[in-house]
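Which chain is which? They are A, B, C, D, E and F, in the order written, and residues in each are numbered from 1.
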Amino acid sequence: MKMVTAVIKHYKLDEVRKALTDVGVQGMTVVEVKGFGRQKGHLEVYRGVEYEVRFLPKVKIEVAVPDEKVEEVLQVIMDSARTGEIGDGKIFVYDLEEVVRIRTGERGHQAI
Amino acid sequence: MKMVTAVIKHYKLDEVRKALTDVGVQGMTVVEVKGFGRQKGHLEVYRGVEYEVRFLPKVKIEVAVPDEKVEEVLQVIMDSARTGEIGDGKIFVYDLEEVVRIRTGERGHQAI
Amino acid sequence: MKMVTAVIKHYKLDEVRKALTDVGVQGMTVVEVKGFGRQKGHLEVYRGVEYEVRFLPKVKIEVAVPDEKVEEVLQVIMDSARTGEIGDGKIFVYDLEEVVRIRTGERGHQAI
Amino acid sequence: MLRVFLLLTVAFIPSVASGADGDINAADTTWLLVSAALVMLMVPGLALFYGGMVRRKNVLSTLMHSFIILCIVSVLWVLWGYSLSFGPDFWMIIGSLKWFGLRGIVSEAAPAAPTVPHLVFVMFQGMFAAITPALITGAFAERIKFSAVVVFSVLWVTLVYAPVAHWVWGGGWIGEKVGALDFAGGTVVHINSAIAALVAAIVVGRRKGYLEEPIVPHNLTMTFLGASLLWFGWFGFNAGSALSAGHLAALAFTTTNTAAASGALGWTFIEWILKRRPTALGAVSGAVAGLVAITPAAGYVSALSSILIGLLAGVLCFLGVSLKPRLGYDDSLDVLGIHGVGGTWGALATGLFASTAVNPAGANGMFFGNPSLFLKQLIGVVATIIFCFVLSLLIFKVIDWTIGLRVSEEDEIKGLDLSQHGEEGYSL
Amino acid sequence: MLRVFLLLTVAFIPSVASGADGDINAADTTWLLVSAALVMLMVPGLALFYGGMVRRKNVLSTLMHSFIILCIVSVLWVLWGYSLSFGPDFWMIIGSLKWFGLRGIVSEAAPAAPTVPHLVFVMFQGMFAAITPALITGAFAERIKFSAVVVFSVLWVTLVYAPVAHWVWGGGWIGEKVGALDFAGGTVVHINSAIAALVAAIVVGRRKGYLEEPIVPHNLTMTFLGASLLWFGWFGFNAGSALSAGHLAALAFTTTNTAAASGALGWTFIEWILKRRPTALGAVSGAVAGLVAITPAAGYVSALSSILIGLLAGVLCFLGVSLKPRLGYDDSLDVLGIHGVGGTWGALATGLFASTAVNPAGANGMFFGNPSLFLKQLIGVVATIIFCFVLSLLIFKVIDWTIGLRVSEEDEIKGLDLSQHGEEGYSL
Amino acid sequence: MLRVFLLLTVAFIPSVASGADGDINAADTTWLLVSAALVMLMVPGLALFYGGMVRRKNVLSTLMHSFIILCIVSVLWVLWGYSLSFGPDFWMIIGSLKWFGLRGIVSEAAPAAPTVPHLVFVMFQGMFAAITPALITGAFAERIKFSAVVVFSVLWVTLVYAPVAHWVWGGGWIGEKVGALDFAGGTVVHINSAIAALVAAIVVGRRKGYLEEPIVPHNLTMTFLGASLLWFGWFGFNAGSALSAGHLAALAFTTTNTAAASGALGWTFIEWILKRRPTALGAVSGAVAGLVAITPAAGYVSALSSILIGLLAGVLCFLGVSLKPRLGYDDSLDVLGIHGVGGTWGALATGLFASTAVNPAGANGMFFGNPSLFLKQLIGVVATIIFCFVLSLLIFKVIDWTIGLRVSEEDEIKGLDLSQHGEEGYSL
């Protein structure tokens, strides 16, 4: 199993969630994060003093999937999260050694 | 070493923390997340318009443990976080290549 | 590729970001977390009743790097995040199977 | 420039002590000073009421809309607004500019409120002029350019508010000829702002994502606080409109409080029945609906009537607001659903429930044997609607053609706080 | 239905101008209008004070408790509440229903406040009736059904508040026979609400997790704002209770402000000493404690006495609140610890510090050679406690047996905002 | 102790009814009661204004600074503050302690305001004494010990505020001999607090990280609310300073509102031009700047002049604040930039724009042919600056040498809420 995580733009979350549900993903976890990357930040002005804010609000989604679904999920996220502009975000894939469903104690594929 | 992460219900956090401390876990990191899964969300009504909120507030705990403790920790989390209802959450286990304690520079097992 | 994550003190974030930028890191993701560890918490008093708060606010940074840069990045984080006091935090290194830049579809090293 | 200004200053200066204070009643003056301050507080109250309902990324811009309008109108009112609205009448249509810069407003009693200093009346009325355009901002929140708000408020107060205020209160045709009753501004303030809001919503267009993704209030405790300040300030708005501290103010205070409470109960219960859950946003919206509806009637109806007026306001506005998603436009914070529906119901209700037994200076309504009052109320309402619709349309179109009304899509996504003001509301 | 209502309306209508304004003093009227508005603002103030102390998931429900009570009591007061409390007396026990729907309350002076319009007095008193049950909600916050709050407020104001108000102020036995002093409602408002709160806490039971897991305030800045509005509004509560704008109001204003400040200092310093850190929650709680304690005494004691009353209120309430975890019940937001302890201390302190040299219309207290006043105060307190305890117990039990008081465990965990109102306070 | 206190109490008690109410005007009394309440509300308003601008970890401590000062000064004022400031004069320098504990302040009219009860005047002035040191706390926010704030406020009000208030209003040399005009406290309140703030900023030193890392406001909606309450309360501050409800109060109300609005517009437009974005923080800061500047002038200038005074205040304070990063010190929340710059501009502007045609009891300014007034204003300003600078320096140094002013670096990093108060503002 793999854990596919993606840092994406806030307002794309709903679209991505729908697209993932459509290909059979039944669960995911979402975290509010701040991203720093090629996308430049913005200026904020307080009492005449300017601050450059480099960290931009993003969301990170985490989706555990069986190995065979990884490519499909990658594609779906890329399609639904893309705007074509800098700051669209990144996907990171990790190996998952074990998954457990707490309620039932099921493990592995059944637990996803 | 492994990183055991678990998405659990908010009000179970204290119980889980205590249970883990009891089996010798000395550190963990907690993140506020929103979960989407089999557990159905809830309706919110604003000015007569209904919204289905699918993402539910959850907490994710991250505990780095030596390999030999993984099973014990899994069991402890399952026992302390279970209510038996849908939405109890999931545990994900990752391999950890390296751990460093910033203060001392210790690495590996010593650093956990 | 590896994902280097570090739980550090809040007010060290800016210093760490600068230090990482200096060694060529071009992106990172930051999450607000609560940490529990050797560093003791603090007492809060509400209406005469004391509560021990064990979870302390920390930030977690996540930096994807090519294998050959891991050691350098570890060193940089250790140097810039260290105060020498308990609670300085920990670094965890994971293996990254894949990285994708959503905007371009680039994969692997190019995508970092 | 400075020279000219100073010359003007010299020429216009009022003297606070030249007139004998003989005609002035200090108690009425105190009550109107307090009332003016209370109505001023309604503007930030409204800002918070609205600010809590938008998304986090637009909270400061929403607060700013009301705030900058308070500032602009406060200055404009001193310069030409008051004179246009209440200055010596031209053909029952508009006031003259004789009192430009409050020139000639020396230490005398207010013509329209002979027991208080003229300046107090100017200030009291100025607060009404400020809150009316602020109400409109609920329609175009979350997507309007800040510069457009600035220009809009100057034009709209001058071209729409001032004439209508003149017609109803300043010696114009609705008040003098038609004889419609409007105790504290049901037509001038609420219907007027609701129609402009409808126009704005149509011209500006829907928010990106409206009806497609959830757009939920970011801080209902802020909305709660705002509504509470509105209720509190409304005592000045309505009971202050008695222009003196006596039985009439007492009546208006009573009906105001009772209708606010009934409005909240009306909305709460209809929502409980139809949607299974009574919401806090509903309760405070209902209170505002009740306050809107009682505004024209406050000094003309009994306490019992105000219960009925309030209850129905709560129910009607709930229905009005629930209908919105089926209409095409996006009146973001329901200005039409609350001030339009509530204001119209209130104006008509005055024509039903008004009674000379309660206030001999008023008139009897339809339920007290005088259907003609209802007709007069209707004329006042329709005239305001038509005039306001046409002029507001013109104003918004002109702004759109010149400096533009709406921010770019990118700026809308980023949020108005960052794109228009370079700030963020919270860094928690 | 409508027919009947309209007939009622016609029959009951008061006329604002029929009476000569001769007896009415416009300045006193202004002061009482302002005071009524200030006391109204105390209700949202209280809502915020409480709302900040609960967990995030219950903030809207806590705000709603106070708000819906303001709405319900405002209407109920106009219908039968005022008449029961202040209407023509039956055997010194209860008022008649003669003034149901404010019938017959025409343009006349208030019997109990001859220089102001009757309606102003009705409104001023109505705000007291609204805030008293709102205070009680602090006891059952975070676990009560919304429907239970609605039913409770109707029953409690009718069956407990109205009689006690009648006894003390409306011509009943405590005020007339016993001769206990209660300037602005120490017994009627504070002791009364605290006893009902104790009953509620016992009947409803503890919050899930109470004393097991930390239950900490979610937003103390909201509590700070609420406390500030309470302090501000209390000027109307106490100085308004002079019912006229003169030396007595000035005295009550002075003692109120001084006791609030002293209460905050008392709590702050005792906490600093005993707990090593002076908290903001402590300071504002202490201010409220001081305000509670000075309420019955405000117009009867000197400024210096008010320092002592306030300081001790801060200390005693801190101790009272600190004791709570050792008692079995969960009075969530310390209604008993603050309003019970502070109110009792204030009622007794009036019996100690009152002085006819300060206010000849009052009485001398024990420290001024008249121990009998202390006794009278004690009788007033004890009578209220017994009556309120029994009736409140009955009311809460009846609600529990019928519609149920408490939400399900699942709903409690989810939070009342979602389970009772289908909303969330923040989406930051 | 108790014995002594009671003896004092007996000896000092004022009687509210012993004097005939003959001289007292109930309307003026009402207005001053309301004004005192409004000025009280300014203190929490200021607390929120400041509290929103600090980082989340210091919000409660910042709120506490203003709040505890309100409490301390309220008590101190009753004990010795009022007597020192307004008691029988010694050599035009200080009041006697004759009125210690408000002794002898029986039911009489206030010497300085003959139509209202003495106690009302005491309270009104007491609120001014409370807000002035609270303003100073903006300079040392985010790094001061709570104990230092407590000690500072006692010393500073006694040694700096009381004398200066006496000089200007209490029969001292600036008001009586120099003849400088200060309608509502430009010198006493604003310049005075700004100079002390400058001293504090220098003695306490910069915040850790100042100018190195971003230190941004954590909640600008809180700052917005605070500024709104300040504007609202300022009506009491300025129009209340007329000490009666008539033409003069009306004028002060008008100029106050107009200058606040103009100040916001001034700041908004200069920021729009120079920084490309008009900010919400700028707009509300500009309103406060306008309010500060009009304070000394409110009852002496025309409405048109108040537009100019306000506009320039907004522009000048924006420039003042923008300069700060280039000066060495860290006046965290810009007390000097706003109250210093605005207050000085206002005091001088009074010397320019004052006109006896507006208020015959005032004087003509330079623009009305009387340059000498400008000089008098300058003397008043300079004297206050020198005195306040020296005394404040002494006070802060003494505190630093004894109990220490500043928290440890660790506590500063952790935040004052946790380190000084053991609490957190939010647990959202």
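Methods note: contacts are C-beta pairs under 8 Å (C-beta built on N, C-alpha and C of every residue); 3 or more make two chains touch, one makes a residue touch a chain.
Given the structure is predicted, the values throughout are model-derived calculations rather than measurements.
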item: Touch-network distance, subunit C to subunit D, counted in steps; value: 2
item: Touching both subunit A and subunit B (chains); value: C, D
item: Subunit B to subunit D, fewest steps along touching chains; value: 1
item: Selected interface, B-C versus D-F, where C-beta contact pairs are more numerous; value: D-F
item: Centroid distance [mean C-alpha coordinates] between subunit F and subunit C, Å; value: 45
item: Separation of mean Cα positions, subunit E and subunit D [Å, integer]; value: 33
item: Separation of mean Cα positions, subunit F and subunit A [Å, integer]; value: 51
item: Residues within subunit B bordering two or more other chains; value: 31-32, 44-46, 94-95
item: Interface hub residues of subunit D, defined as touching at least two other chains; value: 25-27, 30, 34, 214, 216-217, 219, 225, 275, 277, 279, 281, 422-424, 426, 428
item: Pairs of chains in contact (touch as defined earlier), listed by label; value: A-B, A-C, A-D, A-F, B-C, B-D, B-E, C-E, C-F, D-E, D-F, E-F
item: Contacting residues of subunit F [partner subunit C, same complex]; value: 209, 213, 413-414, 418, 422-424
item: Footprint of subunit A on subunit B - complex, ascending; value: 2, 6-8, 31-38, 54-55, 58, 60, 70, 74, 77-78, 81-95
item: For the subunit A and subunit F complex, residues of the former touching the latter; value: 44-51, 53
item: Subunit E to subunit C touching residues, read off their complex; value: 214, 216-217, 271, 275, 277, 279, 281-282, 285, 318, 321-322, 324-325, 334, 337
item: Footprint of subunit D on subunit A - complex, ascending; value: 11, 14, 42-46
